[in-house]
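A single structure is presented below for examination.
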């Protein structure tokens, strides 16, 4: 079960509120690279964890709990960036006036009402929402919890890699020192989280022990002649690109990479006539 | 641009059609672990590829092209498993009759109409759909193409890891020899595809060269004191689990893992009153 | 604006309630082939209609209004089919008992709790929902109202064609005389609605006057050498299938059908390096 | 920020694992009446709270934090109910064998593989998912946080009312004593949460002080002649139903209820011709 | 069944078309606070109504029928606000020219093409769509019809509270007198609809008779020691906020409010090893 | 199975990159009128094709294969239009500076960062995504493959009609000669594809042979008295609009059009009381 402390994990400060940056921050809340995703992903992986060792369950739940605090920081940042957002088109027009704008220092992004998420104006009273930066709500099909620990670790590395990429883009997009400071913290945490899940892969035996995933399937049952072959699909049989993936031992140490031209091994797929009563046209029967 | 050959990449045979297995196969078509996902993911990564080296663009497009053929094989398998599906509740009832069923060898799963995807009966005329095994349509928010090559490679490893896990579960779930044969091919291809994307990570410098992702961000700008620390969030400060992720050099060789109790560094988050005209209750102003 | 009459457009009777048929009927309410779709589609087409002639606006709104009554009939039918649904797993188990079942005449589909939409039990108190037969909620991206009258008419023909196909499958799936009677009415209305939208196409000049859609675009601006050519994409250049679409005058009377092998006319697509600050890996720059 | 304790808020025990009940419990996790919804709803309401009084922010965050623990309990319950689920159709067939089943006491629901969420078998390794009982993922458009405190309180009452209704249905659906015990706790919490949000409405002045929502809009600007009138829409002008809503003072004390037949006050809606270049048919211009 | 009158329920006039306001109005059509939602919600509640008294069924259907007319008014308003929208980027650029703009009175929002819903340009021919103001289609999972009359009434109050809040924000956002007039009518109707559903709660016995919802569950079966306790989840046990919800008799008259620190009562949740064949890593078995 | 050629089907050139046009092009990739839709629709129709004649299966698969190349062209065009997009708000502000802008020729759309899809900046590294022009991901419920060949052909005509309408709107919206050239090719292909599917309808017997769809249902089983009648739903019985759809022989040659006032033929729909244990309020029982 869970508990709270009133204070934020790390300070959130905004010097110059910017409603368009509020919109961009939404991607880090409700985007597929965002914090709701990792938070719920780690929770569901932890809550479903099986196996003799509860270490990974605990490790997942601690980090999931940290992530709630990251959503909280970002939601706070969105609300602070919306502090001076125009509520009406008139307000927006006034601000777009060069004279007014000059008085305000000329640095304020103009016409922001056009670039804002309209639901920031209409649905939330100037606060964060669980949507991405284009207003699409987060949907929990993105919570990957496969029941296979190694697969989950790679899903987590992927999530933190796109997450840190997003945080870097946001860092580059703003010049507000408070926002840069908050993002420098979140970027550091993403660095750690990338490492953390890969460290579990190392504990699980690294590439040689953990791969292919799942490692509990008897590999002699797969068509091993195709297990380490890169298939080229060039129409005229031109050779595919080469690289580490076409040459040398495979990374799991269980095969040798090669390159093959892919050719049909199967039949032409022909279905029998449609059945009476199946709603087809008579000509299909 | 793209071309076709009438034949399947690998043979698809079904000895005993089973409408419930048709449903389960849908997960490999339109589930988040399925083939539409990897097919479009590799295409969009390839079509958006930037950089001096077109090798990875090509590598991605060849494999994307292979994946269309995998969807085709699975769609064929679904249609073949639906060949004898009951079209009506009466047909289903007849089959549930012990006498009828005994004649059929007693091995046929009964009451299948209840377990089927109803849209296999009602919407497709007994053919495959781009949905998962519970009937939820595939949605393209699952196509990860981040513009960062390393992040994309890990997303691809994650996709192929859950993909092979799914294929193994399907292999275990059926005893039809044709289906087992087809799945043994797809499992082998998933083995290769896990390897293939990790081989690119190796070419990109391995964990030390590629991490943290994106490696183009000047790491001195992040709060490095938190970049390699595992945070414990136990309510009473009990130490978090330990492991490779709390001890020793980090996998990117740029820090030392440690464990820290997480405590609030930030302020209590307090917002000013709601603005006049913002649709709040008067008491919030 | 709109008005109601307490009675249904056509009688809805159920002799033998069947919770699985209740599930199947959901497809006709909230499936993409269902009545919510056509109802809202005709409303939005009507409400957005432009042009000197209000006839089509009115025609659309009358039929949209009829369709509300069809949703009402189907919702009533779902509730009636759920009348005797088991509320608990125990009830279901009792009914699955052969003795109990024999008493009930042996015709009742057994184990229905397994085949039911669980939300019929858990979310609605045994009533209809705006979802399809696999429980996926209707989503209004399926409301096609393009602002082009002819395009909309074909979208409507498509909707009524899949709609009548669905209704026929439902008719075939049940043997309840009340349900068959209701469906025989809905099938007749779908017959009319297919005709009705095609009659508008005839009024718009038929294929020759209305095509290509939109007919307001100056066709000399398109690459007319490709406007009536069927492209074969066989890998080895084998000729594509032939038929009416490869031979003779086009249906709009503005060209001659032909068949061509498709070959690349464009360049290889190469993108420059990723930009500094764009979150790519350094190797992409 | 947030913290955890390894133990559950309340004991979760399952005497007889039942994969179909695991499916039904999913509605309480990822259904619109479920715990992810209220958890995130209270968090976003709290994080976006404005106004001089932080009491409601805190109140919301404490309860949101409690709700994480409820998701955890339910996820645990799902995993426990899936402990003995068949992994293969053969296993399922064996269990459906009357002899095997008799040995197991004859109480085990049979054919469960048909009634299970297929993704419990294929995607999670027998654990909970953030979906509803028909497999539809939770989507965060259901997080209502309007920026108006009173509107939010009613949204919360609605959520807890459908939530307790669901919990009661689940209580009725199972006879497992462990599950009944867990649900009796969750039902009690839902009772409190219904009360809690209504108590805030009372603090905000009750119906007379808080209504109409938002109470910050100058009511003289609305068309007050229609503010307390129930409109009948009978085609033939038959009077609408009467009740408290057609008679007596309104509940906000600011008007008198009445009943009116609704008649058109507006114009026929006619749009001008479609514009050149807008993609319409020529006949619409 | 249903009928129409060609005229609108209330006049819709637009003095100065504004494509950005057209976008904002979409929230009132296809947003979760909008009219499609309440229209279909009341219809499904009415069509599924059970119980000896048909009054509530009728009351719901009359109001649902009114709501179709509200969608119609808003769709008309959207089309009218799009009358002068730029079809091309060139048109937009011309309008952004200060000289052109001065001629137009300088009041016209500039650069509107950037702020518009692109699908207003590309998909509808300048007409309304069933989406919200950020382009997300309405999805029918938002239709709450629980089978419990009191729960439904609170869901309706919540819908009309967020609906009126939205309408007030739209009223504040525009200065077009026609739009203000239309919205002043819709705001008045929302006032009534908030009252109307609360009047039903009063008829159902008010808070004391109707709560806890559902009132048909024997409250002695719930863990009543937790039924009226507000739980604090502060990490250090600091007392939670107090208020009406921690003190005095509960609003249903069936208990006394209190405040408690929440502490774990349950076990640590430990799962057994993963099963052979379940697709886990070997280390989990 | 499938193959590729490195070159594009048709040249893609962009003279003046325009990030807002990149956004608009997204509709042609991931919108419901776009190329992912037709590509997957033709594939699933082909893969599920039944009947003695494989011609239509092949015809569908060739065109589906062509459509992959169209997505590729459009994805290339999006990336090229994003080449000079601002990565930061500062860059955008600089460009909005009149002096800077004048230097650039004054033709560059300003403030583009506000009008861009934010995910083009944040999620893709300036590349195409499988979403529409408002950022909503494509969802595969739009893949219509009904198992009825004629219904599918009309669905395809509808898709290509809205597709060509969209392409025409995009052609009108840009003045970039490269983009106009590319679109003139895609428009031509849409012309052909409209023709192609209608040619199949002709082969299937035209309107007289193919209608009503499905033509395999014995039409004597429908309520034929309503099969060719247009229903008026005017509240006061005013006659509905007349036209080809109310007069003359039906287009399938099987009936005569007429117009009828629609009146209730059915009963008032009354449900019994809610059942004990169904979660209703006691007053509903």
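Going by the order they are written in, the chains are A, B, C, D, E and F; count residues from 1 in each one.
Basically, a residue touches a chain if its C-beta (ideal position, glycine included) is under 8 Å from a C-beta of that chain, and two chains touch if they have at least 3 such contacts.
Computed from a predicted model, the values in this text were never measured in an experiment.
Listed by label, the chains that touch chain A and also chain C are B, D, E, F. Comparing each option in A-F, A-C or D-F with A-E by residue number, the pair that reproduces over half of the contacts is A-F. Centre-to-centre separation of chain C and chain D, using mean CA positions: 28 Å.
Here the CA centre of chain C is 13 Å from the CA centre of chain F. Under the contact definition stated at the top, the residues of chain B that touch 2 or more other chains are 1-9, 32-33, 47-48, 50, 58, 62, 65-66, 72, 76, 79, 87-88, 111, 114-115, 123, 125-126, 131, 134-137, 139, 141, 146-148, 150, 162, 165-166, 168-169, 172, 213-214, 217, 233-235, 262, 264, 266, 268-269, 271-272, 274, 277-280.
The touching residues of chain A, counted against chain C in their complex, run 165-166, 168-169, 172, 235, 277-279.
Residues 1-9, 30, 36, 40, 43-44, 47-48, 50, 58, 61-62, 65-66, 68-69, 71-72, 75-76, 79, 123-131, 137-141, 143, 145-148 of chain C are the ones that touch chain E when the two sit in their complex. Residues of chain C touching chain F in their complex: 3, 5-12, 32-33, 55-56, 58-59, 62-63, 65-66, 72-73, 76, 79-80, 83, 87-88, 125-126, 136, 139, 141-142, 144, 146-148, 150-151, 154-155, 157-158, 161-162, 164-165, 168, 171, 184-185, 187-192, 194-196, 198-200, 202-203, 207, 211-214, 217, 219, 221-235, 240-241, 243-245, 250-252, 257, 262, 264-269, 271-272, 274-275, 277-280. Chain contact summary for the complex, chain B toward chain D: residues 18, 20-21, 23-24, 27, 31-33, 107, 109-112, 114-115, 132-136, 162, 166, 169-170, 172-175, 233-236, 262, 264, 266, 268-274, 276, 278-285. Across the complex, chain D meets chain B through its residues 1-6, 47-54, 87-90, 92-93, 96, 111, 113-115, 117-119, 121-123, 131, 134-137, 146-150, 204-205, 210, 213-217.
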